[in-house]
Amino acid sequence: MQTVLNEILHTCKEETTRGAVANYIPELAKADPNQLGICLVDADGKSVCAGDWSHCFSMQSVVKPLILLLALQDSGVDAVRALVGMEATGKPFDAFNYSDQALTGAHINPMINTGAIALCTLIGGSDYEEKFQRLLQLAGKLSGNPSMDILESVYLSEKATGNKNRALAYMLRAYGMVNDPAEDIIDCYFKACSIGVSCMDLARIAAVFAGHGLDPVTGQRLMDAEYARYVNATLATCGMYDGSGEFALKVGIPAKSGVGGGIMGVVPKKMGIGVFAPALDKKGNSVAGFKVLELLSRQLDLSVY
Amino acid sequence: MQTVLNEILHTCKEETTRGAVANYIPELAKADPNQLGICLVDADGKSVCAGDWSHCFSMQSVVKPLILLLALQDSGVDAVRALVGMEATGKPFDAFNYSDQALTGAHINPMINTGAIALCTLIGGSDYEEKFQRLLQLAGKLSGNPSMDILESVYLSEKATGNKNRALAYMLRAYGMVNDPAEDIIDCYFKACSIGVSCMDLARIAAVFAGHGLDPVTGQRLMDAEYARYVNATLATCGMYDGSGEFALKVGIPAKSGVGGGIMGVVPKKMGIGVFAPALDKKGNSVAGFKVLELLSRQLDLSVY
Amino acid sequence: MQTVLNEILHTCKEETTRGAVANYIPELAKADPNQLGICLVDADGKSVCAGDWSHCFSMQSVVKPLILLLALQDSGVDAVRALVGMEATGKPFDAFNYSDQALTGAHINPMINTGAIALCTLIGGSDYEEKFQRLLQLAGKLSGNPSMDILESVYLSEKATGNKNRALAYMLRAYGMVNDPAEDIIDCYFKACSIGVSCMDLARIAAVFAGHGLDPVTGQRLMDAEYARYVNATLATCGMYDGSGEFALKVGIPAKSGVGGGIMGVVPKKMGIGVFAPALDKKGNSVAGFKVLELLSRQLDLSVY
Amino acid sequence: MQTVLNEILHTCKEETTRGAVANYIPELAKADPNQLGICLVDADGKSVCAGDWSHCFSMQSVVKPLILLLALQDSGVDAVRALVGMEATGKPFDAFNYSDQALTGAHINPMINTGAIALCTLIGGSDYEEKFQRLLQLAGKLSGNPSMDILESVYLSEKATGNKNRALAYMLRAYGMVNDPAEDIIDCYFKACSIGVSCMDLARIAAVFAGHGLDPVTGQRLMDAEYARYVNATLATCGMYDGSGEFALKVGIPAKSGVGGGIMGVVPKKMGIGVFAPALDKKGNSVAGFKVLELLSRQLDLSVY
């Protein structure tokens, strides 16, 4: 397996020259596009890694499955479904163009910005600092890395320049979909996006989702199987934004990408995968990361379809 | 003429029971729906009034033509045209659903919220407080009412609850259409909407636009003819939002409505009209005010078409 | 006046090199882009012409005001308003992107293709051949040119290649907005677009609308004043498609353009204007024709705003 | 297994009273909403059936995966990808509202009407009758039912009333996405939708897709594994229209529904499923059929997520 990973890493290294590092947040623009890391954690809890697998980068949208999970755990399926839908939107991750008729929960997906921002309100906690701390603890627990924390410079950069997300938060307020102050909600969301992780962290988290809630490393149940399946299904249809169909075709693994360059892949009952390569395609997915997952899926027959 | 106005007022009084007072801002919801005021100022500067013509209400969107005018005066036609377009949008006044392709100046009209917010940036002034003061002075000068000021309670109410407008401002920032802090711009816009006026004030302002810049009361030139025509044409195609076509058909006068219940009507070369009645139709236009203008237009043959 | 026209013709001649002749119908692509014609008919019925004013070209969308007028005359205002709206759509003339919520009469304008096709059903007649003949007679009557007829080659070209209009007709059928066979309706519409006219014809027709129904040449009443105003108001807000706002600003005359290169301008109570120059801008309006009207409006102070 | 099926049939029978039989085509409106049939074909080629499993109904949109497959086989992946995309659209199956920017292959999915109509052009054959016959033969081969044929009354009903699909075909022509006569293409599509099948037929076809091209009954390879995976992935993201996300969550099986009441479910490497119950939910999916698949998935642990 280590040989397979090394070969794939070698093959995909040249893909790191394609695409472009995210530049909508100054801090992300500093990423080194040459980096490429991979980590797998299988159903027995064994891990294999290659390349820059230990490099720390910000989760960005890879945190969305965790926000969804925590909202499910803290508020239940009904509350989640009342606030957000399940359908792919056919639109970019930060799309604005909701008509008045379409700005209802049914048209908002937890894997796009509007939906994830809205779901922050369903995380338990007396204030948004507590909500965020609970999310951070969840991430630490699932990854087996309790020292996980936000990358302060990314957070400040998000906070200073994240006008589109701020606009989405005010829109949700204006339409009565959330009731808390937009600034509080968006601050929690910015912090969540700024959590620092490595490929190993992502692979460990993914492995728990793949195990339908059982951590293959510790044998502990960390979430209900029902919630794990909920998240996995959501990843399958919308985790790669409006590239989810293409990804289903070429990779066939429920997965979530982030503009930090990370992708978390969940192979149900088999494996968790973490990949990192910061240069993105036009839809906001890591170019080399996508390629790594495509080759992995083909060589290890991982597609669920 | 006084008799004509009295009769129209009497006829339209029953229309005040239709529609509903704006409730998106708590302070507006306190308006008395039974009020109805009319004021005309003709090309000789003579005024005729009826009903609650001296009642003070907030300009709301009726301030948009003044924002456009001041942006034209301070930054010129080219800068205005680079930032906003001229076309009716076919959408409600606070529409959100811009696709990424459509969020360009060409698709933003100065008479809808997005356009008016954007144009605040083109008003001269070293900060947004100064920009607002210059707008207030312009309103005072055009209306011949230098003591005009904001209605503090309306302003605070806007500021506390105007999440949709705040969202639009952040959207403009996110798309690089404005460069100043969204909170500063929107604060200026909230203040502008909160300026207190009477029907007499609106009729006086309208009379200057009707005179293509010459104030019929003082004989002074208060704006370039070119700018007056610019504003009048914009009112004709988009002043009544997505009710502008209906208004052109039934009234045929360039006009601007506001959710405070005011409508300012400009009859080029003939007359300025101010009407006030707070209950609105679904498109945000005063029901009784619309009817008053319809009857006035028919009886005095005011339609320009 | 002849001198004014000659000068304007001379000035605008160079504008004929800008834009491009319509190419979506092969027959239109054969037009000579160097042609430029102007004709005015004033309130006394006197006409002044310049350039290629007698050249015969197809009406294309300039026929839309006549379809609207005949629908009003034959079926009345209520039936027309039940089928189509009054608002500018903010979209191109052949726009498709109606959401299911928006595909209602309120969102269809008589001056865009969907609306005009729908209105063919409200023209009186036992079949669509008779409906078309009545439309042709109306055009002949208003223009004082009873020998007016369709340009067969244009009609056949439309019929062979007008897939977008055919799609719109089937869409109207699918949504239950029209009940007659789509092929019959669209054939009538194709014929209507193919009627051959000259600038003189357009100016004569426009002069009747300008006279609110009175033909300034014969003194005859040819339509109700109410219907003339209805059409004029519609032209003002949507006659130049999504260039109507720009046109209101620069010209300020209710007008209708067609992709054949013609523009019909209505100056209420004053004048009818016909212009012809086949090269179009991106919105489908004659480039040189637009310029002619802009100069005419400025020199003769024709803007209604 | 037979007991499991019988119990599920019994439980879901009451679901047949919910939803409504399709009424957009008169012939479909005649369906008996009380019917409910199930058939499974496993990886060993063994079948189990229950209820109205042998009843013959029209495929409708269940034919879309076969059109996609045949287009892939006859024209190759590149041609298919040049014409249609892979992404879920977030819109109803017969959606119209493509903006001019969005009417490109990338925004058209093979599982919605526009995409399936377009793909008919990539089926091999010298004319559209031959194209259809090849599609019919493919359906017969995959289902092991060579006597399969169109239901004439359904076809004639589609042909007479399918105005929305006809409009889509003309739209594709107008945008240059297809070059053949719209009437020919749409006739082929209407015939394809009218092919009569039973649950057994659907289960057999699904079993071949589940076997990645190997027919579990005959052991024959009937399609390339690559194409089977292509179709399965497409079904997973868009097979249940804008209910695909909900279906992924509750069922987790690549599937395709049709307004005739059929659903074909593909459990990769395990099983093909055919279900039939004519009453539909608002998104056009069989209500009882959806429930059957939900219970089957839960009891047999069939979800791929």
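Letters are used for the chains, namely A, B, C and D, taken in the order the chains are written, and counting of residues starts over at 1 for each.
In this section, contacts are C-beta pairs under 8 Å (C-beta built on N, C-alpha and C of every residue); 3 or more make two chains touch, one makes a residue touch a chain.
Values in this document were obtained by computation on a predicted structure and should not be read as measured data.
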{"item": "When chain B is superposed on chain C by its C-alpha atoms, the rotation angle in degrees, nearest 5", "value": "180"}
{"item": "Of A-D and C-D, whichever chain pair has more C-beta contact pairs", "value": "A-D"}
{"item": "Chain centre separation (chain A, chain D; CA means) in Å", "value": "32"}
{"item": "For chain C paired with chain D, centre-to-centre distance based on mean C-alpha positions, whole Å", "value": "46"}
{"item": "Junction residues of chain D, two or more chains touched", "value": "99"}
{"item": "Residues on chain D engaged by chain C in the complex (per definition of touch)", "value": "92, 95-100, 102-103, 163-164, 166-171, 173-175, 182"}
{"item": "Residue numbers on chain A that touch chain D, as the complex places them", "value": "85-91, 107, 109, 229-230, 232-234, 236-238, 242-246, 248-249, 252, 254, 268, 303-305"}
